[in-house]
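To start, I am sharing the structure in question, which I have written as structure tokens.
Chains here go by letter, A, B and C, matching the order in which they are written, and residues are numbered from 1 within each.
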Amino acid sequence: MEPKPRMLAILDVVTTLLFLTAVGMVFFYAPLEAIMGQVQRVFYFHVANAWVGMLGFMVAAIAGIAYLRKNDRKWDIVGLAAIEISFVFFLTAIISGSIWARGSWGTWWTWDPRLTTAAICELVYAAYFMLRQGIEDPDRRARFGAVYAILSFISVPLTFISIRIFRTIHPVIFGGAAASGSSFEMSPKMLQTFMFSLLTFSIIFIDLLWHRIRLGKLADETEALRLKTLQ
Amino acid sequence: MLMITVRKLVKRFGLKTVLRGMDFSVEPGEFVALLGPNGAGKTTFLRILSSLSRPTIGLVSIAGYSLPNQAAAVRRRLGVVSHLPLLYGDLTAEENLRFYARMYNVALAEKRISDVLEMVGLAPRRRDLVRTFSRGMQQRLAIGRAVLHDPEVMLFDEPHTGLDQDACLMLDTVLREVAVRGRTVVMTSHDLARVADLASRFDVLSRGVIAASVQRSQIEPNDLLAFYRQTLNEA
Amino acid sequence: MESLPQAEDKLGTNGSTLGVGQFIRSVTAIIWKDLAAELRSRELLSAMLVFALLVILIFNFALELDAATRSSVTAGVLWVTFAFAGTLGLNRSMAMEKDRGCLDGLLLAPVDRTAIYFGKAIGNLIFMLIVEAIVLPVYSVLYSVNLFNPGLLLVILLGSIGYVAVGTLLSSMAIQTRTRDVLLPVLLFPLIIPVLIAAVKGSTGFLQGVDVADIRPWINLLLVYDVIFIAVAFMVFDYIVEE
């Protein structure tokens, strides 16, 4: 079992620093938003989380295509890692979105396209995990996982568009116009905080992904050793 | 030219290796009985030969066409009988054959279907649903399905499974008259008695490779069992 | 690649087994087989039909389907019904192949894998359309709603195509897992949400006599969905059935 590579150790430190800075920026650097108050600060992390969630999904779909073409196990590990992490990020996005909705409009949920699509993505991931769980053969598990990741990744934009059109014809009842997205002006400081959050979370994603891929490889090695001792 | 050539075949399922660099070749017209205990990899090997499964590493070629790249050409020349009949229960015997005749693009299909039904002794039951057939009859119809397109190579995966003594004898007759004549055959079995009279060569698959091979002419029928046991013990 | 035709009167295979002719022949053979088997046993259709009618009946008690709300709710009720009854059909259709190892029989045939997909998918579509063709008049009669609207029928056709295109793909995966039937709705429903939304909105639009220009986006969405997923199915099916 090889020790943690130096790059990864450095990345861990960088990630932690970035995160602390981002938190600091959100609470102290960014100005207080006039209408929504403190609750608005959720916005910075909420969008970053959702963005990273989508990134994870895309990585999984690409890893899926790569696995089908190259038949190399490492792509399966990447795909699974990306979806696991994306699952958590979307969950955080949904929860922070819910908090924001509660703080701004008094409801725990708005059926706005982005939040709804995120929820659907979570269900897709749950289905993905259930699919993998029901297959014994590792090759088939990887293949089916890859196929489902690709199929679901294609359906998500279509889902988003369909909910979008749905919304424009039937506007949201709760919260009025503000519910359908960020409707406040962003001052330069806000923008900076926002972009920095995006960057931070992207780095967090890469860091976690790397760790998870390592974990997957170690699991494989362990399994190989176990099989060797059995025979 | 060899009908079947297998070189250094490796098959892995995830991290588990089932076939470890097998070498195997069959001359045209040979009948090879592939023996081995349960779990040795006989079914896996046959699935690779029948193009249902891909080799992880190694070369496989049948009738001059290589797998998996030229799989379609190989399939046309293969007839496969496994222990599952591969038949539709809700269709009649002749409807089943008609379906496969279409899938294999068999010429003069109706006549061929009638002939095949005669050959396997199921002509009187041609309009009956396969659901109502006994296991022995289903296997005979399965052989009919397999020879419908007149393949050069026949693969059998433990075809006697689940048959009683009478059904076995009937199956053997059909095998001798219909399936085997003029074709190259590989038949797996874990029961030596089943193949002792049919095969011209006996190979033993053990621990993922061919552990031993002996021609019928080189060995007394009575010694076959001893030979088989000894091979397994040594492996 | 084999592409030279051989003598027609020789016993055995003739012509190309990889060409378009054989593709179409295989697809039709599979469709005929499914229809013939179903005609005999009638298991699939009766299960789907009874289920669909029961669901409609339950909706009568679960929702207030009085005259006023009826037009806005009809499309939703119908599509929920079709979506659930559809999974029965998809499962049964694939289970028939898994039974007695017939899927291997299909895979052994010297024909392009996607022919199997198209054969099964079109078969599934036909069964779904049959069920819809019976459910629609029944609903019409029970709730005095006129459902013989060409626009509505178009939407139902397009929606069914999308549903079946993805459903056949996923059921061929689900049937190879340990959990089998149970897994299909879980896999399928998140992916067909665009179909459901577009179909319900489009159907409601036609039922309420909304201006066609407003319904256009939904029809376009259905078309795009259908085209994309049929194309993707083409590319991906091989990986689902090969080992």
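Just so we're on the same page, a residue touches a chain if its C-beta (ideal position, glycine included) is under 8 Å from a C-beta of that chain, and two chains touch if they have at least 3 such contacts.
These numbers come from a predicted model, not from an experiment.
Enquirer: Report the topology of the inter-chain touch graph, choosing from line, ring, star, complete and other.
Expert: Here the contact pattern is complete, since every chain touches every other one.
Enquirer: When B-C is set beside A-B, which has more C-beta pairs in contact?
Expert: Contact tally favours B-C.
Enquirer: Taking each chain's centre as its mean C-alpha position, how far apart are subunit A and subunit C in Å?
Expert: 32
Enquirer: Can you compute the centre-to-centre distance for subunit B and subunit C, using the mean CA position of each chain? Integer Å is fine.
Expert: 36
Enquirer: Please tell me the distance, in whole Å, between the geometric centres of subunit A and subunit B computed from their C-alpha atoms.
Expert: 50
Enquirer: Which parts of subunit A, given as residue numbers and ranges, touch two or more other chains?
Expert: 139
Enquirer: Of all the residues in subunit B, which ones touch at least 2 other chains?
Expert: Not one residue in subunit B touches at least two other chains.
Enquirer: Taking each residue of subunit C in turn, which ones touch at least two of the other chains?
Expert: Where subunit C meets two or more other chains at a single residue, that happens at 243.
Enquirer: Quick check: in the complex, which residue numbers of subunit A touch subunit B?
Expert: 137-139, 220, 223-224, 227
Enquirer: Which bits of subunit C are touching subunit B when the two form their complex?
Expert: Touching subunit B from subunit C are residues 1-2, 8-15, 17-18, 22, 25-26, 28-29, 32-33, 36-38, 40-41, 96, 99-102, 104-112, 242-243.
Enquirer: Applying the document's contact rule, which stretches of subunit B touch subunit A when the two form their complex?
Expert: Subunit B reaches subunit A through residues 13-16.
Enquirer: Note which residues of subunit C are touching subunit A in the complex, please.
Expert: Interface residues on subunit C, with respect to subunit A: 166, 169-170, 173-174, 176-180, 183, 186-187, 189-194, 197-198, 201, 214, 217-218, 221, 224-225, 228-229, 232, 236, 239-240, 243.
Enquirer: Using the touch definition from the top, list the residues of subunit A that touch subunit C in their complex.
Expert: Those residues of subunit A that touch subunit C are 68, 120, 123-124, 126-127, 130-131, 134-136, 139-140, 143-144, 146-148, 150-152, 154-155, 158-159, 161-163, 165-166, 169.
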